[in-house]
Amino acid sequence: METNRAEAFSDGVFAIAITLLILAVGVDQALAKGQLEHQLLHLWPAYIAYAVSFVTIGIMWANHHLVFRQFARVDRPLLLLNVLLLMLIAFVPFPTRVVAEHALSAGDREAAALLYGITMTTTAALFFCVWIYGSRKLLRPDADRREVSGITRSYLPGVPIYGTATLIALVSPLASLIIFGALALFYAISSSFFGRAE
Amino acid sequence: METNRAEAFSDGVFAIAITLLILAVGVDQALAKGQLEHQLLHLWPAYIAYAVSFVTIGIMWANHHLVFRQFARVDRPLLLLNVLLLMLIAFVPFPTRVVAEHALSAGDREAAALLYGITMTTTAALFFCVWIYGSRKLLRPDADRREVSGITRSYLPGVPIYGTATLIALVSPLASLIIFGALALFYAISSSFFGRAE
Amino acid sequence: METNRAEAFSDGVFAIAITLLILAVGVDQALAKGQLEHQLLHLWPAYIAYAVSFVTIGIMWANHHLVFRQFARVDRPLLLLNVLLLMLIAFVPFPTRVVAEHALSAGDREAAALLYGITMTTTAALFFCVWIYGSRKLLRPDADRREVSGITRSYLPGVPIYGTATLIALVSPLASLIIFGALALFYAISSSFFGRAE
Amino acid sequence: METNRAEAFSDGVFAIAITLLILAVGVDQALAKGQLEHQLLHLWPAYIAYAVSFVTIGIMWANHHLVFRQFARVDRPLLLLNVLLLMLIAFVPFPTRVVAEHALSAGDREAAALLYGITMTTTAALFFCVWIYGSRKLLRPDADRREVSGITRSYLPGVPIYGTATLIALVSPLASLIIFGALALFYAISSSFFGRAE
């Protein structure tokens, strides 16, 4: 199977998951009259959670292309790894909604941050698996070896970083959530200004 | 009409249905403060239902391509059969949500497993109809006869297997649900490791 | 602008709207334990509404292609008409949910049938506008005149038929809903067995 | 990276966001029997909000193509700006739902109109940033200078107009909402009848 087909399907899932994130932002249906302004301002964690997850999925989408462009073709094990990766991407709207709704509740913030962190760490791990498997078995003959090892090096810290940020939630859920936001911001800015010119 | 158009539309429905599965995973809106961690752990049937349906639809998507690649073109009856198949695929988020929410309730598990099983059996039956109709009337002149009969043979057990798993729900809904999970796992792994090299 | 772009966007909206129909099928969240089987059986109007709307949108999708294939290009007025048509297509999940939830309530059935009928009649009218405008101004030089007038003739009865079925809701909402179902069935079967071979 | 990929992903987000708008139109679940007709008529602000947002996103989609067609390629900063733009487009279903639900409540109308206006103004600003950045750095060598400056001129008033309409909400939320509707209508009609022939 050519990579095109799998990429088009993946693009679809990325685009739908990223757009479904908006379901994380919602006004309480049973809102009393005249309380809307207060509610909208009170929703700021939902706006931030929406933006952080949107940028994170957006960055993963861009990297997904970067990665699949290095492959000559896809085989069955890669398809399975890719389906598992998409399963995690499509899962992101759920922890996003949980963080959006519970980040302000002191007693629930830890559980929300852990759920978000475990999702992100697993996603990073699967992304790394897709890359390692594909780059060992399905690399294009004309792939640039320097670019390939550059990608490997840039993806290596993903799991440790997200894993650490997740564990921090056990000590300070707030710090953990701030780190997830900072990571999205950092990746977005660094890939824009220091990333490979394409 | 060329197969491309119908495949692109089908891909869209597959990608959207698979991504909408996340709506099956939800935290009770009226959750008391401090109960989030308990709720998230209690949601494990929802996580499993999400994963099983995701992998199942993912496998059907891969097979849908395998099948349509054998056809020279699509005609009106095939389009109709395909729309009915997509109608079942797009229906899967509903039984998935029902299983996710009711798998732990002893009194409701049977109904949930039956709904899930009937949906899966009907889907397998329509898949088989699409293949039988298309392989008899619209086969590419250069299709590999051995591959064609191989596909027929591999799809033949689908309906009996899913039908049996559904009937088992009348005796033990739990066993039935476990079989659906095992089937998804089996198909995913077998297609990865023993499947046709493509 | 080429027709490709507008068609791809339209295909996306068709595929998403058709898949969102499943949101019309839902189990009451506040369901008492042990009531699931009864609820699932009681949902039969939702299953029918889902199937009828799914087939109807599916047929419109197939016709949308048939129509756009006759056009050499799209211009701004056609784009606007097409956006209005898509606005109606994307609206269908709402009346479908309303019919699904209220078809069994004697006092609300008339309003539900009227909403469904008005949506379908307006959609048919916009479809006809797209075709009439495009076939007068943007026809491909090599379009088959017989096919063009055949399409015009086959679309002419759409608005009167759906309009009549809608008005019937004022007398018998049930008859109106049955007619909408019968129309979907008729179009699906007739296009399959007597439709143009393509 | 070629513009195709980024455009296809953007098209996906546009198509999904525009179709999710229908979630803004909903009947109260706890509706008393026999009240459906009254509720459906009472929903008129939701129908209008749906139509205005649908046409607005539709126009942005058409303009997004017009803009990207002028670019030779996309680079990382443009990708980031585009992701931020899509983040706003995918956000539109939320303010649409808020306006749909609260436009008739005198005490909440101002907050709803401000939310809608701020979303639209920010979207217009990001659209302008995408255009200015891309037209300065990534313009196709063969781009028509007159067309380029024509686009710049036509996008210049966007932020001031939407910003003013938003500020008007502080004085009269109703006037503000009417202006947003009128703007969508104006852009739709003017682009159809006075727009560039393509």
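Going by the order they are written in, the chains are A, B, C and D; count residues from 1 in each one.
Everything below uses one rule, namely that contacts are C-beta pairs under 8 Å (C-beta built on N, C-alpha and C of every residue); 3 or more make two chains touch, one makes a residue touch a chain.
Just so it is clear, the model here is predicted, and its values are computed rather than measured.
Asker: Show which chains lie in contact with chain B and also with chain C.
Answerer: Chains that touch both chain B and chain C, as defined above, do not exist here.
Asker: Compare the two sides of the chain A and chain B interface and say whether they are made mostly of the same residue numbers, over half shared, or of different ones.
Answerer: Looking at both copies, the contact residues mostly diverge.
Asker: Turning chain C onto chain D with a C-alpha fit: angle in degrees, nearest 5?
Answerer: 90
Asker: Please tell me the distance, in whole Å, between the geometric centres of chain A and chain B computed from their C-alpha atoms.
Answerer: 26
Asker: For chain A and chain C, what's the span in angstrom between their mean Cα positions?
Answerer: Distance between chain centres, rounded to whole Å: 36 Å.
Asker: By the touch rule stated above, which residues of chain D touch at least two different other chains?
Answerer: Only 12, 16, 20, 23 qualify.
Asker: Within their complex, state which residues of chain B touch chain C.
Answerer: 1, 5, 8-9, 12-13, 16-17, 20, 23, 73-77, 79-80, 83, 86-87, 90-91, 93-94, 97-98, 101-102, 105, 107-108, 110-112, 115
Asker: Of all residues in chain B, which touch chain A in the complex?
Answerer: Touch list, chain B to chain A: 11-12, 14-16, 18-23, 25-27, 33-37, 40, 50-51, 54-55, 58, 61-62, 65, 188-189, 191-193, 195-198.
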